Each structure stands twice: as C-alpha cells, then as structure tokens.
Amino acid sequence: MATLGFIEYADALPEVRAVYDDIMATRQTDYINNFWKAIAHDPATLKRTWESVKQIMAPGALDPLIKEMVYLAISSSNGCGYCIASHTAAARKAGMSDTQFAELMAVVGMANETNRLVSGYQVEIDDRFKV
Amino acid sequence: MATLGFIEYADALPEVRAVYDDIMATRQTDYINNFWKAIAHDPATLKRTWESVKQIMAPGALDPLIKEMVYLAISSSNGCGYCIASHTAAARKAGMSDTQFAELMAVVGMANETNRLVSGYQVEIDDRFKV
Amino acid sequence: MATLGFIEYADALPEVRAVYDDIMATRQTDYINNFWKAIAHDPATLKRTWESVKQIMAPGALDPLIKEMVYLAISSSNGCGYCIASHTAAARKAGMSDTQFAELMAVVGMANETNRLVSGYQVEIDDRFKV
Amino acid sequence: MATLGFIEYADALPEVRAVYDDIMATRQTDYINNFWKAIAHDPATLKRTWESVKQIMAPGALDPLIKEMVYLAISSSNGCGYCIASHTAAARKAGMSDTQFAELMAVVGMANETNRLVSGYQVEIDDRFKV
Amino acid sequence: MATLGFIEYADALPEVRAVYDDIMATRQTDYINNFWKAIAHDPATLKRTWESVKQIMAPGALDPLIKEMVYLAISSSNGCGYCIASHTAAARKAGMSDTQFAELMAVVGMANETNRLVSGYQVEIDDRFKV
Amino acid sequence: MATLGFIEYADALPEVRAVYDDIMATRQTDYINNFWKAIAHDPATLKRTWESVKQIMAPGALDPLIKEMVYLAISSSNGCGYCIASHTAAARKAGMSDTQFAELMAVVGMANETNRLVSGYQVEIDDRFKV
C-alpha cells in the first residue's frame, strides 16, 4: 500500500475531493492514481503538488509529450520505480512511440555516463561555456 | 585543468587526431572542448565515447534539440557543473530559447520533487502501470 | 533474503552475539532486524556500524526523534526502500506523528526540487553565504 | 552569474516585484538572494516556488529550525554547493548551533553509508516494517 | 517483465542474433540475461552497449575481477536492484569471495558517508590536491 | 575554507591531537588534509570517522590500491569534487597508474549508463540472479 494508506474518493474531505475532481477533469479520466491517494493525507501537499504539476506540464514553449518524456528521463535517472511506471504510461498516452522511448533512454544512459567521466577526470569548464 | 591534463591537436596521436577531426567535421566547428581533450589520454575511451555520442545525438525519432535538452535535464539533475555549462551551450546552439530552458528546468525540478514524495510515502505501483 | 543470507542469534559467533545483545539492550527489544543479520557475515562491519549508529543516534544537541526523521529524510531522498521502511518504523516508535511525517516529506520534496533549479540555472553563491 | 543572469528589483516586472516584496516582508530582510533573481526570468516558476517554500517552511508540526536543518541535510546529501551555503546561513539564522550542525552532518553521513550497505547486501524488508 | 518486453533468440532480427551470439561466445554461456533481451528492441543500443561493455570489461591494466567489483560498487551506490543482482553474480563468477564482497561494501559505504561530510562541511580542496 | 573553519594542530584539543598523530603515523606523513581539520570541531565524529577509515582501508582480502580506486570510483560517481581530488592523490600514492585510472573511469561511466538503461526499461531480475 503506502505509509499512510490510500484515501478513496468516497472517504475524502471536501478539499481533497476538489483536487480529485480537477485531476479527473484535466486528464479526462475517472481514475485517480495511487500517488495522489497516498499524499491526500496532507491536503495542503496534495493541492500544491497537483497545481504545480498542472501548471508545469501544460502546453507551453515545450509540448506536453516532450515534458512527459523529460519527466520519464529524470525518473529513470533517479531509479524511481513508481515514477518510471506511471510516467511511461503518461508519455505513451501523450503519444510516445517505442522508438522515441528507446532514443530517450539512450540519451539518459549516455548523459549519466559522460557526467561521471567529466567528474572523475576533473574537467575544467571551457571559458566559452562560462556564464 | 584536469586529472591527466589536456591533449592538444598538435600533440595528439594519429588515432586521437582522427576523432578530433570527426568532431570538428560533424559539429562544423574548429573547436575541441575540454572534455574530449581530457579523455584523449585514453584513445579507446575517446573513440568509443565520441562514436556513441555521435550516434545517439543524431536526428532520429527525436530531433537533436530535444535530445540536447534531455541531456541538459539529466546533467542538471545530477549536478554536473561542466556538463550543465557545455550542454546549455549545445542546446542553445540547437535552438533552445530562454523560455524553453525555463520550462525544462521546471519539469526537472518537479520530477525530482515527486520522485522523493513517491519514495518517502512508499507508494505502490498501480496495477494498470505494471509491465 | 540477502546476498550472504541472514545470521540468526543461535548460529552467531560470540562477537556477533555481543553486538546483537547490545542492540537488543539499547533498543529494549528482543528483535534483531534484517539489516544487522545481513551484515553479520562481516563481524568487523557489524560492530563498527552498530557502534557508529548507537553513538550518532543517541540524545545530544538534537533529540532522537529529530535524528530519526533526518535519517528517514535522507533515505527517502536516496530511494532506499528498506531504509525508508525501517526508519519510518523507528521514527514512529520515537514519536513521529502522521502530520510530522507529511511535513518532513514536503521539505524533502522541495529541497530536491530547488537543488536542481539551482544547478540547472547555474546560480552563483551570494558573497554573504560564502565561508 | 547564472544561465540567464540576475533580475534586480529595479528592472523587475510587477509580478516579480510582488514576489520580491513578499520574500522581504516574510523574511524581514531587504536582501533578495541570487536564487530568486536567477529564476525570476520565469515569473510563473518564481511565484510557484516561493509560495511553495513559504508554505512548506512555515511553523507547523515541525518548527522552522528543524525544517531548515532537514533542507540542509538533503542539500548536503545531494552535494548542491549553493544550497548548502544558503541553507547553512538560513539554519543558523533560525538558531542552529555548531553542535547541532555537527550532529546533523553525522546523521546525514551515516544514513548515506547504511543506505548503500542495505542496497549492496540486498537486504529484504522485514515483515514488520512492510506497509 | 520490462517496458517493451523481452526479445528471445528465436524471434530476434539477424543483427540482434549476432550480438546474442557474441555475448554467448565471449561469456562462454548459452544464457542471455534479461537486460540484453529488454534493450534488443533497439538494435543500435544493444550493439553499442554490448561492444562498449565487452571492450571496457576485458582484461587490461585492471583485471576483470576488479572491474566487476567496481561495477558492483557503483550499482550498489546507485541502488539499482537489477544491476546489483546481476553484477554480484558476475563478480562471483570472476572469483569474488564473500570476504572480498564484504570489504568492497565497507568501502562503498564509507565513501558515501565521507562524500557527504565533505559536502556538508563545505571543505575546500587542499592546494596539493589541485590539478 | 569550510563551514566551521579548520582546526590546526597547535590549536587542537588533546583528543583531536591524538587523532592527528595517528593519521600522520599511519600514513607516514606530517600533513593533515583539510577534511580532518574541518570535522575536528566535532571530536567524536573525527575519531569515529578516522578509526572507520583506518580499519576499512587497511590491507585485507582486497589490497589498499584496489580500495583507494573503489573510493575514487564512488566519489566520481557522486560528483564530490574534494573527494575526487583527494582520493586521486591517495590512489596515485598507492600506485595507481594513468592507465589504471582511465580504465577505472571507463567502468564507472559504463556502470552509470547501464544502471539507468535497466531502470528506464524496467528490467525484471532474472531468476538465476535472485538471492
């Protein structure tokens, strides 16, 4: 389950239901995934986290598919099993193909490799890259 | 500098020069950045790393700008100063606007936040997300 | 199980039993959790680790509840499933309420978010914060 | 400096000034630190991040000193230089003594050590710790 | 299973079979482990990753046992469950004893501890260690 | 400098001097590096950390050079600048050649790459690797 268990819609406080309603309306689904039900024990965190995610993941200068893929990339790099599973689903729903997934993972792997080569070799920043 | 110092073109072995030449030709520049000059002490690693980067970052199902932005996202998440500086430059060269950069960072920050909420709350994977 | 399996009290060497005895006496329990039984194959590591934990987690300028919550915070940030489970139990035993847990997680999440915004935006340290 | 540079109060848009004003009022200072000036290029992220920090770090079931120390603990664990410097200052302002700092670091170090022993030894979660 | 499932030898494309054949010949086994079958959906990544691993893990200035132990050390530090399990097996096959495993883990744990003490205490690099 | 500054031998308490003396005797040097001088403000942590390092890094089933290289590998993977600098020096003093360094870094980079491919592809552990 989860440390504090899950809060189902039927058992939720009005302020939690309001967030659940907005999640379902925004995502055009009748499903609330476990993450939200786990943090709903803290209504302030639930509301703040959802509103942040909603704002950040909306279409902007980057389209939602790209944002979902970046989210999946970070989650893969951090090794967060739940996050990888849920954002793989979300990215696919947003249109990610298997080939795009594979290319994304190749970049994630490569970046993690060269990040460590740079650290280990103590590479100094080129003057032209300094801000 | 770097642990083993930098190898300049003039001092490089033929197999190192061949990689430097390919980097400059592929990137249409006459500049070799410090990373390559630092790892050139190990020609096998230099060649392997460059060929991997070249293959992975080429246009495919994801375009090069997106790939550079994912590279920057991972480097930011890992806190690799050199990598952030060099891939910010590379992403800008590939067309990243300041607004795209800011949206990218917002996703990176958010993913790192929710990854830890998920771990700390011990959220179980929804059946529908399981592979 | 664990890479080397678990060493039960009945099968333990005298120096391992001595550590087990001290864990049970210090914690006022008759239960040895899996972590200690897994590393008991290396009596030097068992003894050193237990003595360090015992010293560090004792009451001092910070009380044991705060120390357990920091331990849980770090474990959540690192995504160590076993550590999160065991230190959630320990923090609760030391008096952590559900509300304290939720506030702790909110700080852990936020710190992980802003840590990456800082890295990605390459923010320079303010002179007044330099040591 | 920072990737996009710093936005000073005199040059800020009204919505950025409003956040700066709230930071100064809340913290009872006339100083805006570099982090906020670096992310002010994205007013939505500035506002969202500040409001989240303000909500999370306010007194609650945990007092502000403890929250600042947890923030510092996570930043130390992540190796974020800017965050360590700024939150050391913030924790001290909230009352952290040198002895509390030293005990905090001891817990951070120990947790990072045992987190890896647990992973490497592949320790299975005790039934009594499962949620 | 895995995000894209596993590709078995019987169902594999010729270029995938060629890599599988080389893995089995190099490792003198008739077993292909899940990692390779999971990434085989992207033949370019499969081929590149295998050739890199083969080159890097071959005998050189460091012998293969040491290399496998370093691989296991990094995987333990990163908390990658699959990697820990598979590289524990590989290191044992290369000759790692239980005592060597235990000493390796002690170093991994200690390094993770002092890495954070260094960060948290903001220790400046000694002049004599600068490159 | 460091958060609490450095404690020089001349200004040290007797229990700190005793540790400094043992470091110098064990390492056959008259130099105390900054790490120890930074944590000496907390004599208990200084003593505990030094005794742990001394025990762990001593010759055993793994020789000191291998242990220093593993320490450097972890520090590079974690991106700890101070630790990389100081353990590069220590590993060289213990006999690490430039070629061994380069091979070590290649393994560190590769492990970090495949750790993320494994996570991102959600690869299930092979039955034969389970403990």
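Note that the chains are named A, B, C, D, E and F in the order they appear, and that numbering of residues resets to 1 at the start of each chain.
Convention: contacts are C-beta pairs under 8 Å (C-beta built on N, C-alpha and C of every residue); 3 or more make two chains touch, one makes a residue touch a chain.
If you're wondering where the values come from, they're calculated on a predicted model, not measured in any experiment.
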Going only through chains that touch each other, how many steps at minimum separate subunit B from subunit E? 1
Select the chain at the greatest separation from subunit A, using centres from the mean of Cα atoms. F
Can we say the copies subunit B and subunit C touch using the same residue numbers, with more than half in common, or are the two sides different? same
Report the inter-centroid distance (CA atoms only) between subunit D and subunit E in whole Å. 34
Approximately how many whole Å separate the CA-defined centres of subunit A and subunit B? 21
Inter-chain centre distance, subunit C versus subunit E - centres from mean C-alpha coordinates, in Å: 27
Among all residues of subunit C, which ones touch two or more of the remaining chains? 1-4, 39, 44-45, 49, 52, 73, 77-81, 85, 88, 99, 102-106, 108-110, 112-115, 117, 119-122, 131
Subunit E touches which residues of subunit F in the complex? 1-4, 31, 33-35, 38-39, 45, 49, 52-53, 56-57, 60-62, 66-67, 69-71, 73-75, 77-78, 80-83, 85-86, 88-89, 97, 99-100, 102-104, 106-108, 110-115, 117-126, 128-131
For a test of understanding, state which residues of subunit F touch subunit A in their complex under the given definition. 72-73, 76-77, 79, 81, 84-85, 88, 104-105, 108-110, 112-117, 119-122
In the complex, subunit B touches subunit F at residues 3-4, 39, 41-42, 44-45, 49, 78-80, 131
Per the touch rule, the subunit C residues reaching subunit A in their complex are 79, 88, 98-99, 101-103, 105-106, 109, 122
Which of the residues in subunit D come into contact with subunit A in the complex? 1-3, 5, 44, 48, 52, 55, 131
